[in-house]
């Protein structure tokens, strides 16, 4: 048996050392930044899917709201991180709260479709915002300012900031799932009727989990806008939500660092295949089918079976 | 004898033309085991659903601990101290035995909207949970996954979960279902030990167990209570013998 | 209106597949897209819309059955999460395949000569004949589907399957053959909708995804497994979608200056369907016509 922290330490260690070991060039760093940001969102989704058993197919909407919060504030001349990030997180949380309030009432398979529909709603809304570029998107000319400085534009600083946030989200997610609240969530996933018979109403627990995951997605979205310095409705496209779900499953649903591993593997694989052929999705799609069919436990499952 | 802990008045439920529960009235006193027996299809399960709160009755009322709970959902009734066990075992298979019981304790002690501290390290929860496990003889299995327990052990855990809720009334839906002779003996022993500390509404198939445990018995046939009385009275009741015991023996 | 009817054709198959097999098939929209592409190709090759329709349907059916055999049948016993992911993978693959074979540019399909022109409803208001034909064809299909589902033995099995699948299996019905039948029909209906849509919408990769999501909205509103619910909900969604796009900007002009009015109007119109869905579900969480027992 591997030590239980061996795999997460290896993942985070590799991310910490990557810039020092020859991956410090602009392209590698922005690739890693993308992976970590998606990983941040995937950790939230993993809490939701693996912890609460809520399969959301609209998680990209929270990314989009976080990203568009940055855009709208930028257009209004507000680029102070102390304002931008809290607004992005709060906006995504409120959206999750409102849509979750309807979606969670229906539960089960309806939940998947309704989250998908709300995600699509966010997408079309973004595409119709012609003041912010509509379909074409919006280019940010400067990143959000941190304490009045342009620190976020320093690639190395940005890299380690993302890593710190990712580790923080991972720790917080683990604590959450182990806490009283998380215990109730996990129990609801296993048997909602039993949990009600104990005296818990599942609804507020699930709604809060959904809102928290949305908030984390908002943070990730705001970071993504800063990383790419460009925001478009395609950030919210429903395929993005599917990708996020894939990352969570690819890495392994049982543990939160699986989501991080999945995001890394996803981004690197995408990059590799896209260099190979313009029709990379023709390889990627069947791969996804195979993972869904046969790779139970995800990449983590593979690692742990060997270890 | 004092106030009844649970009182059903004129409970009626129909699915379409089929009346599953007809004008059922009965009481459970504090410290009493009141058993409900009846042939298959008599409406026992529907009655359990109505008392626990998963089904609303069409007519009639349910009073628990002096309160009208007829319209309260399952979770609210549970918080008032009504613990039910499930006929088809509903332990959480991915949780350890201890965590199954600790979750039940958690339901009755303090808020569960706590997000940071690991629940598994809360001594207050674990102690009460272990206590409940000890009372059904499962203390040595605390760290086992509930999914890995034998059938009889799951039935014991089902009871321990109900006890860990620190309830006032236990609603036991066929706690002996599917248990072998040895397991039945052990479970009957446990139930006898609980007597007098809780009010118990026991819905059960096993006649020997019911007549050994119950203070009073109600006989349900086609959704109606045809007789209520002590085990001796029920045994002697001609109508019951004809309608029910006759079929069984 | 004709959009609602097309939506119904897609949603009917989806809701049955869903209701009977408890199988969430994201790739259903791809079958609609495939229908449109097949229609476009056959139309170009034969020069006749009618030949294209005749040829595209069996090919769409075959494609559906091939997918069932390759992927879907391995998913019936799995959880919804695996189903979502695998069918998502199918979408990615097929969208890309379509791009490879037919290119990314939208294809145009001419309206068949027989149905060109318009019907004059009143002076100054004409309705394109082809759109009327879609409406009629859709209603006819809906009627036929209703007859099959409500009046035949197979239909009774399908209905029973939608409300309680294990029960039907316990009755000794070969559930796998029933699945294939329902699946094939669903694929063909979606393909049919695709061919019909080809002359009025642009045929392009990804066209199935938008329809898929609206079809989801339709079956969620209608109640999973309910063909009647899907029909009513599809018309409702089609109506909201069409009216919203034309009326919202005008409505906003009452309150706002023209330019912001156009923008808020467009934003609101695109949200309208989903807001309606949220409203209906807040009122009836299981849809308008819930089917499933328990």
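Which chain is which? They are A, B and C, in the order written, and residues in each are numbered from 1.
By definition in this document, a contact is a pair of C-beta atoms (placed from the backbone, for glycine too) under 8 Å apart; a residue touches a chain by one contact, two chains touch by 3 or more.
Nothing here was measured: the structure is a model prediction, and the numbers come from that model.
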Original post:
Where's the contact count highest, between which chains?
Top reply: A-C
Original post:
Which chain has its C-alpha centre farthest away from the C-alpha centre of chain B?
Top reply: C
Original post:
What whole-number Å value describes the gap between the mean CA coordinates of chain A and chain C?
Top reply: 30
Subject >> Between chain C and chain B, distance of the C-alpha-averaged centres to the nearest whole Å >> reply: 48
Original post:
Quick one: chain A and chain B, Cα centre-to-centre, how many Å?
Top reply: 44
Subject >> Set of chain C residues in contact with two or more other chains >> reply: none
Original post:
Which positions of chain C touch chain A when the two form their complex?
Top reply: 18, 22, 24, 26, 71, 74-75, 78, 80-86, 88-97, 99-100, 209, 213, 216-217, 219-220, 224, 263, 266-267, 269-271, 273-275, 277-278, 281-282, 285-287
**OP:** Would you tell me which residues of chain B are touching chain A in their complex?
**Re:** 52, 54, 73-76, 78-79, 83-84, 86, 90-95, 99, 102-104, 106-108, 110-120, 122, 161, 165
Subject >> Footprint of chain C on chain A - complex, ascending >> reply: 49, 55, 57, 99, 101-102, 105-106, 108-110, 112-114, 116-118, 120-121, 124-125, 127-131, 238-239, 242, 245-246, 249, 279, 281-282, 284-293
Original post:
Okay, in this complex, where on chain A does chain B touch?
Top reply: 175-176, 178-184, 186-187, 190-191, 193-201, 205, 208
